[in-house]
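Please go over the structures that come below.
In the two complexes that follow, subunit A is the common piece, with subunit B as its partner first and subunit C second.
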Partner chain A sequence: MEVLQLLISGISQGCVYGLIAMGFVLIYKATEMVNFAQGDMMMLGAYLAYTWINIAGMPFVLGVVATIVSLAIVGVLIERILLRPMIGEPPFAVLMITIGLGFMLRAFAGAVWGTETKAVSNPFSGNVIRLGDISIGYENMAIILGTVILCALLFAFFRFTRLGIAMQAASQNQLAAYYVGIPVKRIYSLVWAMSAALAAVAGVLVAPISLVEPVMGFIGVKAFAAAIVGGFGSLPGAIIGGLIVGIAEQFAGLYLPPGFADTTAYAILLIMLFLRPEGLFATMQKKKV
Partner chain B sequence: MSEALLSTHSLSLSFGGVRAVDDVSFEVMPGEVFSIIGPNGAGKTSLFNLISRLYDADSGDIVFDGQKISDIPAHRIAELGIARTFQNTELFEHETVLRNMLIGRHVHSRTNLFSELLFLPSVARQELAFRQVVEDVIDLLDLQSYRDQVIGSLPYGVRKMVEVARALCIQPKLLLLDEPSSGLNPEETEDVSHWIEDVSQDYGATVIMVEHDMSLVARASSRVMAVADGAVVAIGAPQDIQNHPEVRRAYLGD
Partner chain C sequence: MTDVTAGALQVRNIETYYGPIMAIRGISLDVAAGQVVALLGANGAGKTTVLKTISGAMEPQKGSVHLNGEPIHNLDPDVVARRGIAHVPEGREVFPFLTVDENLKVGAFSRRDAGVQTDLEQVYEYFPALRELRGLAAGFLSGGQQQMLAIGRALMLNPSIMLLDEPSLGLSPKYVAEIAAIVKRLNAERGITVLLIEQNAKMALDISEYGYVMENGRIVMEDTSERLKDAPDIQEFYLGMKDEGVRGRRRWKQRKTWR
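After this line comes the complex of A and B, so read on.
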C-alpha cells in the first residue's frame, strides 16, 4: 500500500514538473530559445493567484482565469520587449537574458509581496479521498486531473486547429511558414502566451501543496532535467520526463538515505545523457550540413 | 494592352556600400513566363527577395494586381496570390508530402478555433475541398507515389517538385521560382520546362523565375530580363537577349 501511496504523490509531483517542462518545450520548439525563467513564471503565477483570490477577493475559478490571462499577457510582454530584439543574436546571449529575467522576477516578487510565505485559498486543501488504505488529497487530485485535461486540450489544439498547425509550421521552418501565409512573429508572441498560461496553471495547482515564496520557482531546474529526459522537443516527452523524475524522487526519499531525494532528478538526467542523449522521445535531429 | 500583373518602379536596395539592386523597373504581363538572368552576384536573388517581401527596398515601389505591395509583411503575400520557391528548398522536413501541400491551403481556411476543435461539418467540408485541390496538384506534377513519404527521406529533385506543389496549392496568380533547375541533372532540368509550361497553361499562373540554365530559359520563357551589377541590362525575347552585345559583355567581360 505504501508503494501505491508513494506512486500517487510521485505522479502529482511529476505532473507539476511536467507542466513546467512543457513550457520549456513549447518555447524551445517554436523559437529555439531556452527560457530559464519558466520556473519563475510559475512562481509569478502562484503570486498572481494569491493577488486575485486572497487580496482582490475573487472566487477561486474566476481567480484562476484571471491568473492565466494576466500571466499570458506578461508572457507576451516579455517576448515583445526582451526577446524579439534578440532575434539573430547568439543563443548564449538569449539564455543569459532569460536567466537574468528569472532573477528579476524573484526580486520583483520579493519586493511586491514580501519574502514571507503566502498561502492561496483554494477549495482543495484539507479534503481527502480514501480508497481502501490509500488516501489522496484533493489538491493532489486537482494537480493530476488538471494536467490530464490540459494535455488533452493541447493535443487537440496542435492536432486539429489551424492555429496549432500554424505553430508547428512556424517552429519547423520559418521561411516556408511565411510563404504559406503564417505570421511567424505573431505566432511567437502566442507561444510565449501559451507557455506563460501553462506556468500559471502550474502555479495555481502547486500553490496548495507548496509554500508560495519567491524561490519556489527553483523547481524549474528539476523540470528542465525532466524536459531533457523527455527529449526536449516533445510535449508528451515533457510530461513523461516529469512523471519519471517525480515518481523516482518519492521512492528515493523513502528507500535512500536522507538528501538523496533532491538529487534524483539530476541522477536520472546523467543516466539519460549516458544512455540516450537524445531523450526518450527524440525529435531533435542532428543538423545536416 | 492589358494591365501588368506585377511591376516594379525604380526599385533599389543596398547592403552597406554595395548596390545590390539599382533602379530596377520592369513589368510582367498576366500569363507570361518571365525569366531573370545574370552573372553571379548580379542581384537576381535580391530582386526576388524584394518582390517576395523578404527584404525591404530602400526606395521604389512594387505593384501587384493593382495594389502596392512594397510595404506589406511577407506572410500576407500568399493571400494576395503570390507563391514562391527557394533555391535550396524550404520545406517542413519532418512532415509528409501531403501535409506539406495541405498547409499551402492555410491562407484559404475560413474556419475558427472552436469549430475546428469540435470538427463541425463546415470544417470537414473544407478539409475535403482542400484535399481535392491538393490531389489535383499531385496529378499535375506526378507526385502520386510520394504522397505519404516524409520530406527528409526524399531525393533532392523530388523535394524541389514538392516545393513547387505546395506553392501551387496556394493557387497563386503569380509563382516566383528561385533557380528551379539548380541541383538537378539534365533530365530533371528538361522536365522543369515541361511543368512550367503546364503550370502556365493549365493553372493560368504567371511565372517569374531566376535561372542560370540558358537552354531552360530559352525553352520556357516568353520574355527575359538580363541584370548585371544590380541594374537592368536588357529586356526582350529569349533569343534577342542571348545575342544582345551588352548581355554578352556582362557575362564574358570586356
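After this line comes the complex of A and C, so read on.
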C-alpha cells in the first residue's frame, strides 16, 4: 500500500519536473538555446496566479487563463529583448544570459511580492479521494490530469496543425524553413510563448502542494536533469525523465537515509550519463520536437 | 539605376562576404521572365553564394537584387519566398523527420489560397514516386527521391522563379534526365523562370537559353547557351568532363554541409 501511495506522489512530482523539462526541450529543439531560467519562469507563473486569483480576486479558472496568457507574453518579451540579439553568439554567452535572467526573475519576485511565502487559493486543497487504504489529494490528481491533458494537446498540435508542423520543420532545418516561407523568427517567439505557458501551468499546478516563494524555481535544476535523462531532444522523453526522477525521489526518501532524496535526480543523471549518454529517447527522436 | 524592363530578376554589382572572406566580388546578372538561365563554375567559384544572396539567406555588402523592379536584397528569406522566389538548396535539405506529404504541405505554409490542394495533386503528378512514399519520413528517401521532394516542396510555394542549386548532384543518369525533363516542363507549362546551377554543364546548357560562367566570385563569361556550348574554354573545362561518366563526377564534388 505504502508503495502505491509513494508511486502516486512520485508521479505527481514527476509531472511537475516533466512540465518544466518540456519547456527546456521546446526551446532547445527550436533555437538550440538552453533556457536555464525555465524553473524561475514557473516561479513567476505561481506568483502571477497568486496575483490574479488572490489579489485581483479572479475566479480560479479565469485566473489560470490569465496566468498562462500573461506569462506567455513575458516569454515573448524575453525572447525579443534578451535572446534575439544573441542569435549567432557563442552558446556560453546565451547560457550566461539565461542564468542571469533567473537571478533577475528571483530578485524581481522578491521585490514585488516580498520574501515571505504565499499560498494560492484553489479548489483542490484539503480534498482527497480514498481508494481502499490509499488517499490521493485533489492537488496531486490535478497535477497528473493537467499534465496528461497538456501532453495530449501538445501532441495533437505538433502532429496535426500546420503551425505545429511548421515548428517541427523550423527545428529540423532552419534555413530550409526560411526557404519555404516559414517566418522562423516569429516561430521562435511562439516557442518561447509556449514554453512560458507550460511553465505557467506548472506553476499553477505546483502552487497548492508547495510554498510560493522566490526560490521555488530551483527545482528547475532537477527538471533539467530529467530533460537530459530523457534525451534533451524529445518531449515524451522529458515527461518520462521527469517521472523517473520524481518516482525515484520518493522511494529514495523512504529507503535511503535522510538527505538522499534531494540528490536522487543527480544520481540518476550520473548513472544515465554512464550507461546511455545520449539519453533515453535520443536515437528515436533525434531532432524531432 | 535599375532597368525595370529587363525582367524578372536583376542582380547588380553584388559583393557578399563570409565574415572577412569575400565570396562574391561584384556580380551582375539578369534573368528575364520565363527564361531558363544556367550558372556554371568550378567548385568554390561562388555559385551557391549568389543564390543565397538572391533568396535573402545572405545579405550583400554592396549591390542590389531586384525582383520585377522591386528591391529585395534587404528582406528576410521567408519574405523573399513569399514574393515568389523558391530556392531549392544545394544538398536538398528536406525536413528529415516529416513525412513526404508533410514536407510538401509545409512548403505551402505561407499560402492561404484554394490552389494548395490542386498544387499538391500536381506535384504528385509530376513525381508519381512521391505519391507512393507520401507517408514515409523524408529522411528515409534516396538521394534522387529527396531531390524530387525538394523540387516538389518548392513548387508548393507556387513560385514565379525557382533557384535550383545542383539538382543533379550525386544522382544516377536516369534521375538526371528526369530532373532535366521536369525543369523544362515546369518552365514550359507553368511559365516558371529558372536560375540553375549545375556541375553537369551539358545538361544545364541543353535546357537553358542563356548561361553565365563564374570564377573566383566573378562572372568571366556569359552568352547564349548555344554559343557557350561551342566556346573552346567551356568545352575543355566543363563539357570535357562528360567522358568521365557520372561516377567520376560524383566524386569530383564532395557533399558538404552549410552552416
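Things to note:
We adopt the following convention: the second predicted complex is superposed on the first by the 282 of 289 C-alpha atoms of A that agree within 3 Å, B and C clash if a C-alpha of one lies under 4 Å from a C-alpha of the other, contacts with A are read in each partner's own complex, and residues count from 1 in each chain.
Keep in mind that, in the parts below, contacts are C-beta pairs under 8 Å (C-beta built on N, C-alpha and C of every residue); 3 or more make two chains touch, one makes a residue touch a chain.
All values derive from a computational prediction rather than experimental measurement.
Look at subunit A after the overlay: subunit B and subunit C clash there.
Applying the stated contact rule after C-alpha superposition, one finds that A:157 touches subunit B and leaves subunit C untouched.
In the superposition on chain A, no contact is made by A:84 with either subunit B or subunit C. 162, 165-166, 169, 172-173, 175-184 are the residues of subunit A that lie in the contact sets of both subunit B and subunit C, per the superposition on chain A. Those residues of subunit B that touch subunit A in the complex are listed here as 52, 54, 73-79, 83-84, 86, 90-95, 103-104, 106-107, 109, 111, 113, 116-117, 119, 152, 166-167, 170.
Against subunit C, in their complex, subunit A makes its touches with residues 162, 165-166, 168-169, 172-173, 175-185, 287-288. Against subunit A, the residues of subunit C that register as touching in their complex are 55-57, 76-78, 81-82, 86-89, 93-98, 102-103, 105-107, 109-110, 153-154, 156-157, 258.
Against subunit B, in their complex, subunit A makes its touches with residues 156-157, 160-163, 165-166, 169, 172-173, 175-184, 283, 285.
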